[in-house]
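Shared between the two complexes below is chain A, which has chain B as its partner in the first and chain C in the second.
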Partner chain A sequence: MEVLATAALGVALVVLGFGALVLRRLLIWKLLGLNVASGGAILFLVSLSYRPGGKPPLIGFPAGIPSADPLPQALVLTAIVIHFATLALSLAYAVSLAEQLHTQEAERIEEATEEEMER
Partner chain B sequence: MTPALMGVLGYLVLGVLGFLTTRARLLSGIALLVGVTSFSLWFPGFPPDHLGLGIWAIPWQGDPLAAAFWGLSLFLHLILLLSERGWPRHFYALLTLLVGTILSLVLSLDLFNLYVSLELTSLIAFLLVGIEGRPAQVWASLKYLILTSCGMILYLLGVGFVYAKTGTLSLLEISSTISSGDLGLSLGVGLLVAGAAAKGGVFLLALWLPTAHGYAPSPVSALLSGLVVKMGIITLARLSTAFPIGNVLVAIGLVTGFLGVLHLFWEEDIKVFLAYSTMSQLGYILLGFGWEAWAGATAYGVAHGLFKALLFLAAGRAETEGRSRHISKLAGRLCTGTRLSLGVGTLAIVGLPPFIGYGAKGLLSSAAPPWGKWALFVLTLGTAASFTKLLPSIIRGKKAGMADGPPLLLSAAIFGGGLFLLIREPALRSFPLLLSTVGAIIAGGIVSPLMRKLPVSLPRWRLDESFLAFLFSAALLALWFLVR
Partner chain C sequence: MKRTLAFGALLLLTAVLVPGFLSLGTLAEVRPWKGLAVVYGAKNGVAAVVLGARLYDTLLEVLVFALAMVGVRYTLQPLGRWREPVIPERGVVREMADILLPMVIVFSVYLAASGHLGPGGGFPAGAIAGSGLLLLAMAKGIERLSRELHEGKLEFLEYGAIAALLVLGAAGFLWGLRGSGLLVLFNLLIGIEVTIGTWVVLHYFAAHRGEI
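Up next, the complex of A and B:
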């Protein structure tokens, strides 16, 4: 039961993050929405390693006792690193845009850059 | 498999070293040598093998698709090393890393390994698009980042669903159980397809593509359009070996092909024009994989990589020589070499024999179902009609500045590859195929002035519109898989 709730919570976070991406006008909120959504995907993935009564899967663990599935945990570690890198890069780009165009609003940035390319 | 692994590792190590030293271009050249040596050792292929130990080993396979893309990646790497000087050193380091990642991606048959490689190519591509730091490029890159990251989040959810249902991530071991009507598995596959398609430049899911490829520095555009965007398509092709998604690939291929051509008619910015043309060309490749015509789809992927790289490099020169990105303002201002490159690229993309575009289109067409031949005919007609727009700039211009090494090398590959296909495949020398191709090109030339007179204003795909289109089409795809 807990595992279903956790997985559903992960999917809900993805939906919430996507919602922020649509509804918020400021770039920084959109990027935070993206980060919430990737957190949701990670939560969903790690909830899959749950086994009823499972113990942490460590080396030297006695056989015969149920252990949590180690594979999703390994995947999640990789995914966290990737999402961290993506977030860092997107924030750096957002700062660069804010410095050059003096705005954080997606629509205004869009108009300013379209003008730049028209020239 | 060991030589291929050594090649990939060599590329990645030399790429990282490139950030630390001042001789990044030299290191990139050494990486290319390592790659070529490794390729010559494992060519023409190796059977599926496992990387690592136990049940978590990652399956790798050197099939013809992987071999073709190794060849294309190494060749484009050589072209960019020859043509690009004077970039900051991290440009060359990123180039090395990007090619290395692509070399590993095309060999992989593991859902999560594909995910990591896709994300890595995206991250490097974001850095390359914004490398000059101009706001339009940074914004194009950020849109690319946001939309593909959302796609990859869906892909990750899909990995979760498939792993929960099958207990494995290896595409070799996942049997085609989707027809059993398991809702979780169907939804998972739908999410995987939507995620990979958002990365692979499929229309309505990947509307970051026109600005990212259009506004990036020209050598980067050449690499992105020629190589990087096809990684999503290759992922879709790999998925189609484990799951029955052929019909979906045909459907999204048709949508991408036709909507891309539609945008081509009324787009005036030369590089954005080429970017939309990439989207429509990806439609051909998707159709090929959907029809299980792997030879044709692979040939088309390589052919498009060659001629689109040539076109983007030429467009970069045209932008400098013509002091404008507007196609109608370029006529009369371009030098001979640029016009020659644009000409060869145009003839190849519309599929005039004996250029490689014809061979690849012919291979696809001979494997297509009867209605598919008509779809390809109309697509070719549309491509030819829209590319007539470039003719004035190709015909009129200065008589100075001959083509130099890299464009000539690319043109030679386009011509030689076409001749190679013509000699090897007897199906390409059939009279009806020749007639229909040339007929489509001529009809396109006639239709073009009529089409361009229509007053049409196409939507501008800003971030919010693109994201809503992405959500809409991802939901549509998921629904398709659930209902089946």
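Up next, the complex of A and C:
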């Protein structure tokens, strides 16, 4: 039951984040929406490693108790770091775009780049 | 029109996720990981997977991290420096930093060095040391801290840590090196790399803001 609740929360966060990513106009808000979606995906994956009555996947606990699955946790460790790095990079690009085009709105940035392409 | 399309796409996304979600009622057996942990000299199953069975994934992940930090450097460097000191020196924070910083640094090194035995590892250790640097930057002013850290040499340390990681990984592959010492070395090197990466993000986002 706990798995279902946590996984449902993760899916809800993903949908919410993608909604912000699609519907918001400013780049910073879009990136923050992506951030929320990524947090939801991480929550979903971590909730998969839950086992009822399980202990952390460490050697040293008395035998016979079920242990949580270490594999999703290891996958998520990678995802968190890559998420941090790519979010920093995309925010840097957003700052650079705002410096050049004096706007953060996605549609105006598209218009400006299209004008540049036509020239 | 656009909003309806967006909502339709979101509904479709949810519908795609639902079948996988419904299959969560029965959880699969945990694959036996204790043998794997013993083989790689770890007591922590996650560390055995990250630094043993999926070592190449971790190495390439560190490479991606370093590449993203290079991207942040070269994207933000042309934007002008902020004129006044971005984070000025503050007396109160300075006093608190004197008390807290040793604990933060010791805890971070402890996490990196004992990541194969319990909860911890190189990535959280690097993040903790990076937030220690943030504390120091708020206490001292970020430009002064950057001068005191010798940022140019830090860059060499970062690339040196990556090169050492790759050489260690290749050595582990060629000669079948395994054991706790190797995991500690991996964790410490990853910790150094992540610390410098977070410092780069912190410094460049604070100092090079550009003008709008």
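Here, the second predicted complex is superposed on the first by the 118 of 119 C-alpha atoms of A that agree within 3 Å, B and C clash if a C-alpha of one lies under 4 Å from a C-alpha of the other, contacts with A are read in each partner's own complex, and residues count from 1 in each chain.
Assume a contact is a pair of C-beta atoms (placed from the backbone, for glycine too) under 8 Å apart; a residue touches a chain by one contact, two chains touch by 3 or more.
Since the model is a prediction, treat every value here as computed from it, not as a measurement.
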- Message: So in the superposed three-chain picture, is A:32 touching just chain B, just chain C, both, or none of them (first/second/both/neither)?
- Response: neither
- Between chain B (first) and chain C (second), which, if any, makes contact with A:73: first, second, both or neither? second
- Determine, under the contact definition given at the top, whether A:22 touches first (chain B), second (chain C), both, or neither. both
- Message: Touch test for A:41: chain B only (first), chain C only (second), both, or neither?
- Response: first
- Touching partner for A:14 - first (chain B), second (chain C), both, neither: both
- Query: In the superposed arrangement, does A:112 touch chain B (first), chain C (second), both or neither?
  - Reply: first
- Item | First, second, both or neither for A:89, with chain B first and chain C second | both
- Message: If I apply the document's touch criterion, which positions on chain A are contacted by chain B in one structure and by chain C in the other?
- Response: 7, 11, 14, 18, 22, 48, 71, 74, 78, 82, 85-86, 89, 93, 96
- Touching chain A in the complex, chain B uses residues 56, 112, 115-116, 119-120, 123, 126-127, 130, 133-136, 138-142, 145-146, 149-150, 153, 156-157, 159-160, 163-164, 169, 215, 269, 325, 460, 462-464, 467-468, 471
- Item | Complex contact set, residues of chain A against chain B | 7, 11, 14, 18, 21-22, 27, 30-31, 34, 37-38, 40-42, 44-45, 48, 71-72, 74-75, 78-79, 82-83, 85-86, 89-90, 93-94, 96-97, 100-101, 106-107, 109-110, 112-114, 116-117
- Which residues of chain A touch chain C in the complex? 3-4, 7-8, 11, 14-15, 18-19, 22-23, 48, 50-51, 56-60, 66-71, 73-74, 77-78, 80-82, 84-86, 88-89, 91-93, 95-96, 98-99, 102
- Item | Sites on chain C touched by chain A in the complex | 3, 6, 9-10, 13-14, 17, 21, 24-25, 27, 30-31, 33-34, 37-38, 43-46, 48-50, 54, 57-58, 61, 64-65, 68-69, 71-72, 75-76, 78-79, 118-119, 121, 123, 194, 197, 201, 204-205, 209-212
